[in-house]
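The same subunit A turns up in both complexes below, where it pairs with subunit B and then with subunit C.
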Partner chain A sequence: MLQYIFKRVLLMIPTLFGVAIIIFLLLRVVPGDVVEARYMAQGSQFLSQDLMDQERKKLGLDQPLWRQFTSWMGGVLRLDFGLSMWTGSPITEEIKLRFALSLQLAIMATAVATLLAIPLGILSAIKQDTWIDYAVRVFSIAGLAMPSFWLGILMILGMLIIFKWLPPMVYTPFWVNPWDNLAQLIWPALAVGYRYSAVATRMMRSAMLEVLREDYIRTARAKGLWLKLILARHALKNALLPVITVIGLEFAFLLGGLVVTEQVFNLNGLGLLFVEAISHRDYTLTQALVLIVASFFIFVNFATDIAYAWLDPRIRFR
Partner chain B sequence: MAKLLQVENLQTQFLTSAGVVRAVDGVSYDVDEGETVALVGESGCGKSVSALSIMRLVAEPAGRIVGGRILFQGRDLLGLSEEEMRDVRGRDIAMVFQEPMTSLNPVLTIGRQLTEGLEIHLGMQIEAARARAVELLGMVGIPDPARRLTQYPHQFSGGMRQRMMVAMALACNPKLILADEPTTALDVTIQAQILELMQDLSRRLGVAMLIITHNLGVVARYADRVNVMYAGRVIERGTAGEIYANPRHPYTLGLLRSVPRLDEPIRAKLDPIEGQPPDLTRLPPGCAFAPRCAYRVDRCAEVPALTAVGAPGHLSACWEAERLAKEVAA
Partner chain C sequence: MMKRLASLLTVAASAMLVMPAHVHAQKYGGELIFPVPSEPPSYDGHREETFGLIHPLAPFYNTLLRVDPNDRGGTKPYPSIAESWTASADGKTYTFKIRSGVKFHDGSTLTSKDVKASYDKIIFPPEGVGSSRKGQYADVASVEAPDASTVVFRLKRPSGSFIASLLSPYNFIYKADILAKDMHWYEKNIMGTGPFTFVEHVKGSHVVGKKNANYWDKGKPYLDGFRAIFIRSSSAQVAAVRGERAHIQFRGFTPADRDSLKAALGDKITVQESPWDCILMVALNHEKKPFDDKRVRRALSLALDRYQASEALSKIAIVKSVAGVQVPGTPYATPPEELEKIAGYWKDIDKSRAEARRLLKEAGAENLSFTFKNRGTPMPYEPLAVWLIDQWRQIGVTVKQEVIEPAAYYTPLRSGDFQVAMDFQCGYIVEPDLDMYKFLSVDRNHANYGRYTDRVLDEMYDKQSSATSDEERKKYIRAFEKRLLDEEAHYLMTLQWHRIIPHSSKVKGWTVTPSHYLNNTLDVVWLDQ
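Up next is the complex of A and B:
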């Protein structure tokens, strides 16, 4: 098992290196660069080539590609992502707070999704084809059909109209004031978590239905176990396997994928930063963001596999 | 000997899109204390469903027990509440299933699966249950039982898993074990080992067994009495010796003749039963075997009842049992 973990950790290095090369090249294939983007934003129509070249030289964009790449990689190895090409401030500073916010939101939304999906999925499976099952299925399909930003708008409007109250609109880090922090983040977490619970609920339901038809469930019943024990001890562990995959993938996606929801709730998260960085052609910032999100994805996948091995001895002992 | 189990006129049906499948259609048989009884028939004749019906484990809502009585120690199991039935399952009646590969839970240790019945039915504490589990694994011939308890089913071979199933069935000292095709999924050499083991243990511990099988060879050696089933009914019953020496139903005769024998010349043609088993949603009126039967007469449009023929305890549901006996003897 330890050997397996070690191997997986080692494999992360070439994967991340590949990601770095691809994003580095892709950005430079896309037409335009940060200098053009800036002058465009200022509304200038006639640009002096000299001025632009000077700017590029300042940012190091006149260097050959391999040198740009090695100097970037050299920084990354020292965990120094350099300066943003757009604002000129250190990227680590730009990202720090937003990462904390996005990570917290992703964790809370995933918690909401998991807490909804697992009990609802199980309930739906054991009450198959009753009104409870139908109600759960309608509830989860509705979650899938409603965009979470729209649900977010409804929530905010609802709170405003019914309770004459609005959640705080300025982000407070959890370690500064947990209460204010939660009062703000719980709403987007609910909106996003509800939406993401839909797929997991359906997965839980179908996995549970499948497991309940297995021979070993019949064996357990033939031993005289009662239903709750059969569900908790014999069925759940087996049925959780596919659900964990879904939840893991969703969790990783949430870190950088909540652009619109972040805007609705006035949250300064990674999603918005991502969009801005790309439209500004801010190479250094985009590269840093992609690397961070990719590392997160790889880490979550790794954690999912470990959870698999923990649940399923057939994997553990291979 | 006292009757341990009496199945009377049991009817179990399945609702399918093709109609009502009468899987078990008025079956009656019984098992004495400590006795080994076989239920023989081809796939789909209702033998497994009748065993699942005894345990009340027929898959609902499609499957339903619609009639009959199942008396176990004089108590009708069909009249028990689900809770009372749970106490019977695993403690009074245990089951050994056909597929040792899929009948054990892959994510739980052997020890966990072996001790849970002991904890529930006998109220044993973990330590006591563990000790009993070691004893049980030793009893079914699994070496190094203490270490084996911590392992998972995938670390066991097929034969060992079936031994484990037997150990699990014996755990709470049941009165009756229902063995549903216990050796079908195993290698031939392992089959004999498992059957020897089951016979030995059932005699030593005085447990009655109902062996469900399609294999007449198994029956010959291990069963005291045999029930032959066809299309949801018992069509012949008798001691194993009687059934072999003097079959009194054309279907039993056909089954016996279609078994390949080692003492026949090589390339001797097998003698199969012509035709297909009937569609259980549309059983013909009268004897269900009639369309395939070489002894068919006009009277076969009426269902023949199980009636005594020949030796005591030998019953056959065939109008032409006498003619059959004469021809076989000749």
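Up next is the complex of A and C:
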């Protein structure tokens, strides 16, 4: 098992290096730069070319690409992502607060999704072709059909029109004021978690149906084991494998991919920061965010594989 | 002399009669909450260009002069750090008397040295220090501080717009000692003399200010503090006002937002509206054929039914008035009956389009087709582009729209890699020198994306700028406008933006102006609660 983990960790290094090269080059292919984004957004007419050249020099944008890349990579190896080209602040400072919010939202949405998906998926499978199964399938298909931001807009409008109430617009960390924190984050967590649960419910149902038709389940039933015991000890563990993959990938996606939902609920998260960094052509911040999200994806995939190996011992011996 | 004295006394007496009632009506306390659609990149007003800096940070600072906060036209100079000023007879020396008793938030006293240091940074920035508006002060030869309460600006030549240029809300007065140690200090720190002191800025979230108890203007500010919340999505901004999580958004909402807020909240919402000192224009690249031919350019202007557009588009977009080179209703704006004489502004659209078709035929461009580059900002670029394309189609012109992401938008404009493109101008004050500078020959202003050279136009600009009377100035502005929009049709104007501010009826003391950069010091704002 340890050797397996070691191999997987080693594989992460070239993956991240590849990501770094690709994002570095892609950003520089896109027209415009941070200086133009900063000074031309208001259509300025009094701006001199000298000022723009000076700013580019200050940011190192006049340097050859290889030098820009090596100086950035040197910093990354020391875990120093540098300064944001847009704000001039350390990138770790820019990301810190947003990361906390995004991580909490990802955890809450995953919790909502898991709490809905696993019981509903199992119920739907064991009650196949009954009204319960149909109801669960309608519920999950509706979740797939509705984008979470749209559901978020409906939630906000509903709260405004019916209760004349709106969730807080400013993020309060959980340890500062749990009530304000939850009052803001529970709604996006429900909106995102519902869509997320829809995918996992359908996956859980089909995996469970497949497992329930396996020989060893028939054998367990023939031995006269309790249904609950069969489900918990024999079926669930095997049926969970594909569901864990879905949950893991969705969790990683939630960290930086909730751009529109963050806008709808005015959440100061990583998704919005990502979009702003790109629209400002803030190369250093975008590169850092891509690396962080890529690392997170890789880590979640790694954790998923470890969970696989734990759930299915055959994997770790291959 | 006696008559003037009598009228002055009458004004003073009326002011005394009016003032007490006005003062007593104001209430103290409360926190003003407002969404800001964008966040300042740094805290340095001299360097940045965005209203995203002005809205949350202006309350921490004072400027040398300001625009009268009660002037809806947004053009009247009003004392701030300078309590009075005089101009020399030759118009080349301006002397400002600096108010005494003004304290920085660190307790130190503001003197003329601080004003000089701030303006030196704006006008004569050292190498490596960014100043966005340096170009506006090209006429300034020096800034002097002969004593602690006097600042003198010496100009190279008289300038009709010099005082207006000092009204810029970006020209925060910084502390000279700090600038002497570190010219970049104000990029990351906030410390001014304004009515509010800085409490916190949580990146991506909000800025908080609290009342400056030692503010020099005794009795102000009325608010205990303010909270500027960064909300990018316009629907979330509207929801914040509707859900009473915010009192006001100072930039502006769309007509649909105004109507929905009014319908939902009734009397709890007060709406203030004004023509907006921003306009989208069509830049025709004179270096690309056939746009070097003024008949083609005129035809494209003649195709536009601006009056019908004003009626239709003002219902769905933040545009309204038909305008020339000045915001309608402001001192130098061309009256509507005169504007109607300019090609493209005729009331008879059939006659106008017939002339457009004739001109295209004459120029050999009957089946004209081109690519129109537009900025990927939905409001109001999108509806205006749809309107333009439809209007041009009606004279047989085929247009393909290419939408470009905002951050990359000015790359083709600056390099000249376009045929026809949407261009934009927005000002902090309505002032012909500032508004018309855009249209000078390309060697005088690189932001002239029409890329033309027109010395006649340049001369008219210079003449209006140095005109000694309002009437004379108006005459040159009219001639400039006629040449720019009609005779040469260098640029095509669309419609003036229209600023709509639906705000909580609790917000008092704030007056809408044509600029979303003005009236954000918040010293006169109070909450009726």
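As a convention for this text, the second predicted complex is superposed on the first by the 306 of 318 C-alpha atoms of A that agree within 3 Å, B and C clash if a C-alpha of one lies under 4 Å from a C-alpha of the other, contacts with A are read in each partner's own complex, and residues count from 1 in each chain.
Keep this in mind: contacts are C-beta pairs under 8 Å (C-beta built on N, C-alpha and C of every residue); 3 or more make two chains touch, one makes a residue touch a chain.
Computed from a predicted structure; not experimentally measured.
Asker: Will subunit C clash with subunit B on subunit A after the two structures are superposed, or do they fit?
Answerer: Aligned on subunit A, subunit C fits beside subunit B.
Asker: Does the superposition put A:L25 against subunit B (first), subunit C (second), both, or neither?
Answerer: Neither partner.
Asker: Which of the two partners, first being subunit B and second being subunit C, lies in contact with A:Q49: first, second, both, or neither?
Answerer: In the superposition, A:Q49 touches subunit C alone.
Asker: Look at A:L11 in the shared chain and tell me whether it touches subunit B only, subunit C only, both, or neither; answer first, second, both or neither.
Answerer: neither
Asker: Determine, under the contact definition given at the top, whether A:R281 touches first (subunit B), second (subunit C), both, or neither.
Answerer: In the superposed model, A:R281 contacts subunit C only, not subunit B.
Asker: Of the two partner chains, subunit B (first) and subunit C (second), which one does A:L311 touch, if any: first, second, both, or neither?
Answerer: first
Asker: Go through the superposed model and pick first if A:L225 touches only subunit B, second if only subunit C, both, or neither.
Answerer: The first partner, subunit B, only.
Asker: Taking the superposition as given, does A:Y171 touch the first partner, subunit B, the second, subunit C, both, or neither?
Answerer: The answer is second: A:Y171 touches subunit C but not subunit B.
Asker: Which holds for A:T87: it touches subunit B only (first), subunit C only (second), both, or neither?
Answerer: A:T87 contacts subunit C only, not subunit B.
Asker: In Å, how small is the closest CA gap from subunit B to subunit C once the two complexes are overlaid?
Answerer: 48
Asker: Which subunit A residues qualify as touching subunit C in the complex?
Answerer: 30-32, 36-49, 51, 54-55, 58, 86-89, 93-94, 97-98, 153, 156, 159-160, 164-166, 168-171, 263-266, 268, 272-273, 276, 279-281
Asker: Which residues of subunit A touch subunit B in their complex?
Answerer: By the definition above, subunit A touches subunit B via 214-216, 218-226, 229, 233-234, 237-238, 311-314, 317.
Asker: Given the complex with subunit A, which residues does subunit C contribute to the contact?
Answerer: Within the complex, subunit C contacts subunit A at residues 35, 41-42, 48-50, 127-128, 130-136, 187-188, 202-206, 227, 229-233, 235-236, 239-240, 242-246, 264, 405-411, 414, 423-426, 437-438, 445-447.
Asker: List the residues on subunit B that touch subunit A in their complex, please.
Answerer: 55, 57, 86-91, 94-95, 97, 99, 102-108, 112, 116-117, 120-121, 152, 154-155, 165, 168
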